[in-house]
């Protein structure tokens, strides 16, 4: 197991947004997280990635207890993420966004930065090469010098995924990557997700697009009212009567 | 001795509290800070002096004229500077700096108008002092405290029970929703700046007769007002008053029992300590948390 | 591949830098030829202000944090260097560096808790710190610091070579300015510089990208306090006399005004800002009585009319011109 979530609970005052959820996420797979609106999916992802500290429970990533750590520490441990609402550095260039994503993998010291040592320059050069390689992966290499905010919606989503991948993570958390994409972009995302897995990166993805999710996910789990409702293969989930009721309502 | 110290601490403390209240109102209504409030106080003191001592108008008339002119000044400031900058969506620093620029204009404009000497109000009351619990208090000082308390009650009623007050609180909570309910946030904000300036002018009219009227009268009071607001809990009306009063008393006690040398260090030290350790102030006001 | 793509850098291009440097080198002989020795002094002020304002730019222009109290660090650099020289016999060059290092440590201690504060409250905390330092200097024992009367000191000397003329100081100041601009440029074009800009743009996303936001805010603050304190020490040994009224709130506002007039987040912005505001202040001396009033009015007008500063507005104008040409 790469990521185990053990009995995680998140409360906002008296509201219990995530209630005692336990999930294990297998290495090298795409795991889907679905559920009706307000089920606590993003809250769970936020609790894993350090936006909030869980009120109870444990998050273990790659054998390391990361419960309650800060966002940057979790990112450093190898867990990258994207956001439901696009969260790019809008006025920085496309290339700079990717380079910021590499932050934790660049080793030069502050002193090396001040004096532009040869090692620092070499590292920056290599970082740029790698950034371009990643940009080619999503065919954004020609836009490297544009402001990130000037890209189309779909491109911004893809850039955000690339920024996450730039830190060489063991795992990425994708929060609704297909939101706002057109069908062509969605097919593209499907291919991209498979490529990410081929690179050895595990994926946990929240997504409302069932066609995409059922096609690409190896394993799916369902949240409803903050609690885990079901988990299984996409086929099992589609047949699960509880899930169907949760989505369609009781009557 | 202690009683007299406490009274004079309360006089300046009331002024700090009122200035802090002005900051809190503006912060609640628009999320901004006004760095020329102190100079608005100075202008108020000069206007009051001009009407009362130079033009020999009755005190009440001088008082009302000053307040009206200050409301106009505050609304003009909001219209001509603040709203224009907000419309351009500039960085907050520009607005901070713009109010500092206005403060330079007010202070140095006052020099051009009134010069750099200190003016003393002629007595306002026929009785020079009142006796409370065996101590003599200068009538103007007593008036300052009484008027501050009355003003606080009036403002409380105004914010809590009038349509404007409700509109103000609504705009502060959610400008969009308020607009949907027929509240005009722009007008509310303009009025808030007007009221805040009126409070500044009133403070000038209250403290001028006690301290004398001079160019830098308001500058330090304006900055201390921030300390009062933070100590009480920025954005909280009652916190502002409590914080201001506490600060005034602490300052006066320090001056009387330690040394006047440390008076300002203590005030700004308190401001810094509160910001770094308890930024939500005594009233634990959440407006400040990130 | 990457190097062929003509990567955009934010620094000044080589030829532009060379021309600017040549002009800067020619200023003292030119001014003394037209018998304007006073002008050289003004240019010395400009140089040290460029250093201070460039430092402020790291904290404000790049990491997006406000400071209205940098006069305090200017004061610590100035008083620190004088005290170290006068009472501990430290050679002036070293006293300047030590004083700046001390200011930096103080800056770090303040910045750690202050970095949590939101914009306006950060500005209040910096104002409070500025006032505290000013009051402490003003109320200090007169035998040590000369308190409100001020204190005299000596010019900088490099192993016996004294910077006791304006021209000599000018070339020294120019060297310091160029070095500080190069170091700033290096910092900005590194992973740390990118992290600072990322924090300014979106602190939440920066945290998610693995950037320790607090640590980087503190780094930015530390760099700016060192720059400001060193500029303060330069000021002390240029004028050879300092008194508390140089280090009031007004001075902090002056730094920020220069930065905003020139343009934030750039290498040349602080240069343009320090130069134009210093010249403006000198020009306004003619109208002594109206000086501060006009200064305030101009400040307000520039804020309303040119929110990007002079550099930003020039750049926008240039871009518009280029676009027209491209058509």
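Annotations for the structure displayed:
Read from first to last, the chains carry the letters A, B and C; within each, the first residue is number 1.
Quick note on the criterion: contacts are C-beta pairs under 8 Å (C-beta built on N, C-alpha and C of every residue); 3 or more make two chains touch, one makes a residue touch a chain.
For clarity, every value in this text was computed on a predicted model and none was experimentally measured.
Taken together, chain A and chain C share no touching chain. Using the mean of the Cα atoms as each chain's centre, the chain most removed from chain B is A.
Centre-to-centre separation of chain A and chain C, using mean CA positions: 41 Å.
We define each chain's centre as the mean of its Cα atoms; on that basis chain A and chain B are separated by 49 Å. Rounded to a whole number, the gap between the C-alpha centres of chain B and chain C is 33 angstrom.
Across the assembly, chain B contributes no residue in contact with two or more other chains. Interface residues of chain C, counted against chain A in their complex, comprise 1-3, 5, 7-8, 183, 186-187, 189-195, 197-198, 201-202, 204-213, 219. Across the interface of their complex, chain B is touched by residues 60, 66, 68, 110, 113-114, 116-121, 123-125, 127-129, 131-132, 135-136, 139, 249, 253, 256-257, 260, 289-290, 292-293, 295-297, 299-300, 303-304, 307 of chain C.
Remark: chain B residues 27, 32-33, 81, 84-85, 88, 90-94, 96-98, 100-105, 107-109, 111-112, 223, 226-227, 230, 234, 261-262, 264-265, 268-269, 271-272, 275-277, 279, 288-290 touch chain C in the complex. Considering their complex, residues 49-51, 70-72, 75-76, 80-81, 83, 87-93, 95-96, 99-104, 106, 108, 110, 112-116, 120, 124-125, 127-129, 132, 144-145, 163, 167 of chain A touch chain C.
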